[in-house]
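Chains here go by letter, A, B, C and D, matching the order in which they are written, and residues are numbered from 1 within each.
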Amino acid sequence: MPNVTLAEATRLAVLQEMRRDPRIWVLGEDVARGGLFGQYRGFLEEFGERRIVSTPISESTIMGAGLGAALVGTRPIIEMRIFDFVMCAMDELVNQIAKIRYMFGGQARPAVVVRMPHGIWRNSAAQHSQMLEGWFAHLPGVIVCCPSTPADAAATMVAAIRSDDPVLVFDPKNLWGATGDIADDIAPLEFGRARHARHGDALTMVSWSACMPLAEEAADALAAQGISVDLLDLRTLAPWDADAVLASARRTGRLLVAHEAVTTAGFGAEIVAHVAERVAVRATRVGFPSVPIPFSPPLEAALRVDAAKIVSAARGLLAT
Amino acid sequence: MATNSARLLALLGMMQRIRAFEETAMAGHAAGEVPGPLHPSIGQEAVAAGVCANLRIDDRLTSNHRGHGHALAKGADAARMMLELYGRAGGSCGGKGGSMHIADFSVGMLGANGVVSGGIPIAVGAAQGLQMLGSDAIVCCMFGDGAINRGPFLEGLNWAALYRLPVLFVCEDNGVAAFTATASVTAGAGVAARAESLGVPATSVDGNDAAAVDAATAALVGAVRAGSGPRLLHARTYRLTGHTSTDAAGWRAADEVAAARDNDPITRLEAVLRAEGVAQATLDALRADALREMAALRATAHVAPWPDAATAFADVIGENA
Amino acid sequence: MATNSARLLALLGMMQRIRAFEETAMAGHAAGEVPGPLHPSIGQEAVAAGVCANLRIDDRLTSNHRGHGHALAKGADAARMMLELYGRAGGSCGGKGGSMHIADFSVGMLGANGVVSGGIPIAVGAAQGLQMLGSDAIVCCMFGDGAINRGPFLEGLNWAALYRLPVLFVCEDNGVAAFTATASVTAGAGVAARAESLGVPATSVDGNDAAAVDAATAALVGAVRAGSGPRLLHARTYRLTGHTSTDAAGWRAADEVAAARDNDPITRLEAVLRAEGVAQATLDALRADALREMAALRATAHVAPWPDAATAFADVIGENA
Amino acid sequence: MPNVTLAEATRLAVLQEMRRDPRIWVLGEDVARGGLFGQYRGFLEEFGERRIVSTPISESTIMGAGLGAALVGTRPIIEMRIFDFVMCAMDELVNQIAKIRYMFGGQARPAVVVRMPHGIWRNSAAQHSQMLEGWFAHLPGVIVCCPSTPADAAATMVAAIRSDDPVLVFDPKNLWGATGDIADDIAPLEFGRARHARHGDALTMVSWSACMPLAEEAADALAAQGISVDLLDLRTLAPWDADAVLASARRTGRLLVAHEAVTTAGFGAEIVAHVAERVAVRATRVGFPSVPIPFSPPLEAALRVDAAKIVSAARGLLAT
């Protein structure tokens, strides 16, 4: 399928899987109408209201009911609408879904997919723009996915749906409209394997999700200045492709991690720490300052990562 | 003019200001001047106006995502609100909040909220604090019919009843939550029955009848302020627009929308006032004044300076920064 | 012997096993053999036994922190449960869960829960899954009277009523939440009124009358299994012990506790059976057998091997590990 | 006051402040009875039920009501009973409390203290033992405190209560019974200033909370082997004393961070990353593996940090 948007790519992926397996269903607010972003468009008509369940505004129960339904053998896709609302369902996610397999000695199969569209988009301010994906990489018991391309977003959905583990999918809101080609028969993504987006040897750059196109833009700008960047799109944070990052950092001796999220104690810290524990490397991170996300465009722009900030951090790193 | 007419005229004036504010802001949004989405309350103005007419300035208010009307009726400055919607310096929140996070503590408006039912726990806590401080101020907590399916509704009402807190809960029931009819996701007999089961006496009212909302609220506020504990007002109304400024709401049945237009609270209140002998010109002037006021605010906001980028780093924390 | 007596004897046998299990485990805890705290349900056995006697093995059950009785009555293996309390290899959860996280999926026991009301969303979801799969199995969701003040109670009951899910909610009302009388933190008319307001028909029963619990549950399970949607059983009972194995509950009024001892569900059921002509020796044997069974399990558990340390790393995630 | 337990130290600190300021009050489950750990013993008798409010089991509202009460000028201490239950109140904490000052342009004073006793204690298993303090260091808008001694716990409470900012206090459950001296007149802790627990130059060691005594034990064992450790107790994670850690790491060239929490993407990652970005250092972390906390004692012991694990990590670091 050539040139589809990321939103449409995920729609086609879920469609493919739901046609294959009648145990797969979707629950969340406004999904009957096609979801807030059209990612379930036409599903009600094809699958009916038993499999496309528009729910009350009851996030705790959307999450917890998904878990319960998985425990009896169905395969729910839990739609959180916007990431920030998962804060209303954290007991169900953190204390129940992430722990149930372990706590019960392996008896439970919490085969849920939790979709949480995240990130800065359209000046949505502090309660609708957060990026806390790093939190979940610190939480044992869940798979954490942060795709950045239509092909990867589609493959992520297929892998997430087929997984018996809880898979958290952070749909990048700012990239819903990004276009690319996807396969007609979408194969599952392999969790924990980075995508090598650019090859180079002056500097290793690591990114994911909505920051990834900015990293590519920065890498291209640097290439134009004669600096060749080895750029990795992590795609999943738990598990994450430490081997690929280490191999690259060993080669270049310089590591830059860029993410939309707050820098302090973000997942970039894990990457830098993991590498620095093993390789003598010069490293730096580019992310959001420790500030909530403001509404006004110039305020937002002052804080958020862009390609220019990545370029300047990269040049700073190369100068050391 | 009879006292009653004067009061109703004041209500109408506020309703016209709310509508004009939102129509103007929507036009600004359509013209690409206002960043981010707006949640208009057009068609619901009688609830905001009728409820807040019974609040003192030191009473507190918590609101939801659809809060322009609540803020204006509580006395928030329209100019600063418009600047906030435009993300400009001088906005109610310095441009940090935008439409969904309008707050004006100087008039007791403790904030809109981007999380459905997010204002409920805050409201009961504010009431508990006021009670502790020996104040006779009360708290008004506004939320939609979609909010009654989230846990904080149960927790907050139980809490308020338990500690006999001075809270007036107002459920603004427009029949819809975003794009879903709330009847299709709500079991049982509805918000009033739920409130009663939690020990909170409830009153239902036609929320498009400003005089009825005003009268019902007056009685409830009296009881709440007198220390009788919390009350809930269930006001049935209709959202004449889509969910947000980018939603044309084309999915609604045409006859439903047409019927609702006939039931427009502004039209209805005008009819009442005409029957009481108020001249049409007086009524027309209220709308014209309101539109003029808001157009001027729009023009100002559109050319107002942006906040200094350095302010982006301020107000994260206070003295521990 | 009359069918009725046979059924009541079976109930009594289960109640004696639950009590003996917990008395034995408490002794093990006091002797320092059992790590971590226990939440005994001594005094509440009629609810577990009476409710679960009406469930099939493929019906599902979610429980709370005070779940030993629920698990045993649902058919969980007592030997594996005792091993779990002792943290030993072969325990229901391989030693990873302990008392507060007993689960036995092989008999439909989907788990105790360390979070108050944590089982409610899981139960409604399990019911929704079963409905989707076309099963006629139902879900029984057990929680305490403290749980009705948390949000998931409202959300879950609304949800179950809305989708007409096969759930039997059971509120085991022992009048207390940890160290606080629930009456002192609960407004309104209580759990049944709350349930009704959410569209879930409710029945109240004397939870210390095993026969009454059995009969009430039979009717409700029939309705639920027939597709009439969710029902709630409100069972009033009394926790004869403290909140946990380390709480002597010395804070309770002595006369209250004395009255409760007279109302012990086991004593009461024995009296009923005696009146129906069952010999005292038969009744005594049930208790003796139960104590013998549990003492043997304790002895075994106490010397059972610990789980292999390497298993600590297993079961975090499945095939994606 | 000589030789008081950490629980008692916090009790005395809150008592001192509540006697000073009638706007201070406590809300949470079972606080009238003195709290789950006796940390409010005798308060009901002294302050009455308007200031010692035993609440329903309504975590969302305990948290949110605390915020509301702060907005009208009272100063609530929000007692979460056990850290893990804050998952039932995350919207109120993350989306409301942490953001309200910023989002409203500085109008709000969310002067709340949130107490969350955390960590592994008495085989409480997966839902009662979590340590996720690192999450909150990644969240703009809150102060994060992790004291480890009675004196610091008392000083932390005083500072937290006097602060106009939201202060999260992680009471270390495993150290409730630890004893030490506290001042009769308890002064507030300075946020962001580490305690220099041991002076040395072979290795910089950083820890906090319940891991701190283990780090001290390890440092002493290493000292006995002739290895002198420079040991810092961070005490607060947001803000954190990066200067002290950097200065020490510069001196020793070796950095070990030990915490009870999961290693991956824990706050130790931030520390190592921050230092490695600035100083050529050999670094390592000691923490819990990415596994929920099991119940059975030998399983728990296999996973949790102890002094021996810290010693062996230190020796490994020195060997490189």
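Quick note on the criterion: a residue touches a chain if its C-beta (ideal position, glycine included) is under 8 Å from a C-beta of that chain, and two chains touch if they have at least 3 such contacts.
Keep in mind that this is a model prediction, so the values were computed, not measured.
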Overlap of the subunit B and subunit D neighbour lists contains A, C
At the largest C-alpha centroid distance from subunit C we find chain B
Counting in whole Å, what is the centre-to-centre distance of subunit A and subunit D, each centre being its mean C-alpha position?
-> 30
CA centroid of subunit B to CA centroid of subunit C, Å | 46
Approximate Å spacing (C-alpha centroids) for the pair subunit A, subunit B = 36
For subunit C, jot down the residues that touch at least 2 other chains.
-> 91, 93, 95-97, 101, 113-115, 149-152, 155, 158-159, 162, 185-186, 316
Would you give the residues of subunit D that are in contact with at least 2 other chains, written as numbers and ranges?
-> 55-56, 58, 60, 84-85, 87-88, 91, 95, 102-103, 125-127, 140-141, 289-292, 294
Assign the assembly's chain-to-chain touch graph to one of these shapes: line, ring, star, complete, other.
-> complete
Under the touch definition given earlier, write down the residues of subunit C that touch subunit D in their complex.
-> 35-37, 87-88, 91, 93, 95-98, 100-101, 113-117, 146-147, 149-151, 177-180, 184-186, 251, 306-307, 309-313, 316
Could you pull out which subunit B residues touch subunit C in their complex?
-> 149-155, 157-159, 161-162, 185-189, 193-194, 196-200
Which bits of subunit B are touching subunit D when the two form their complex?
-> 60, 62, 91-97, 101, 103-105, 110-111, 113-115, 118, 120-133, 135, 139, 151-152, 155-156, 158-159, 162-163, 314-320
Any idea which subunit A residues touch subunit C in the complex?
-> 23, 25, 50-51, 53, 55-56, 58, 60-61, 63-74, 76, 91-92, 95-96, 100-109, 140-143, 163-165, 191, 239
Quick one: which bits of subunit D touch subunit C in the complex? Just the residue numbers, please.
-> 29-30, 32-33, 54-60, 84-85, 87-88, 122-128, 289-292, 294-303
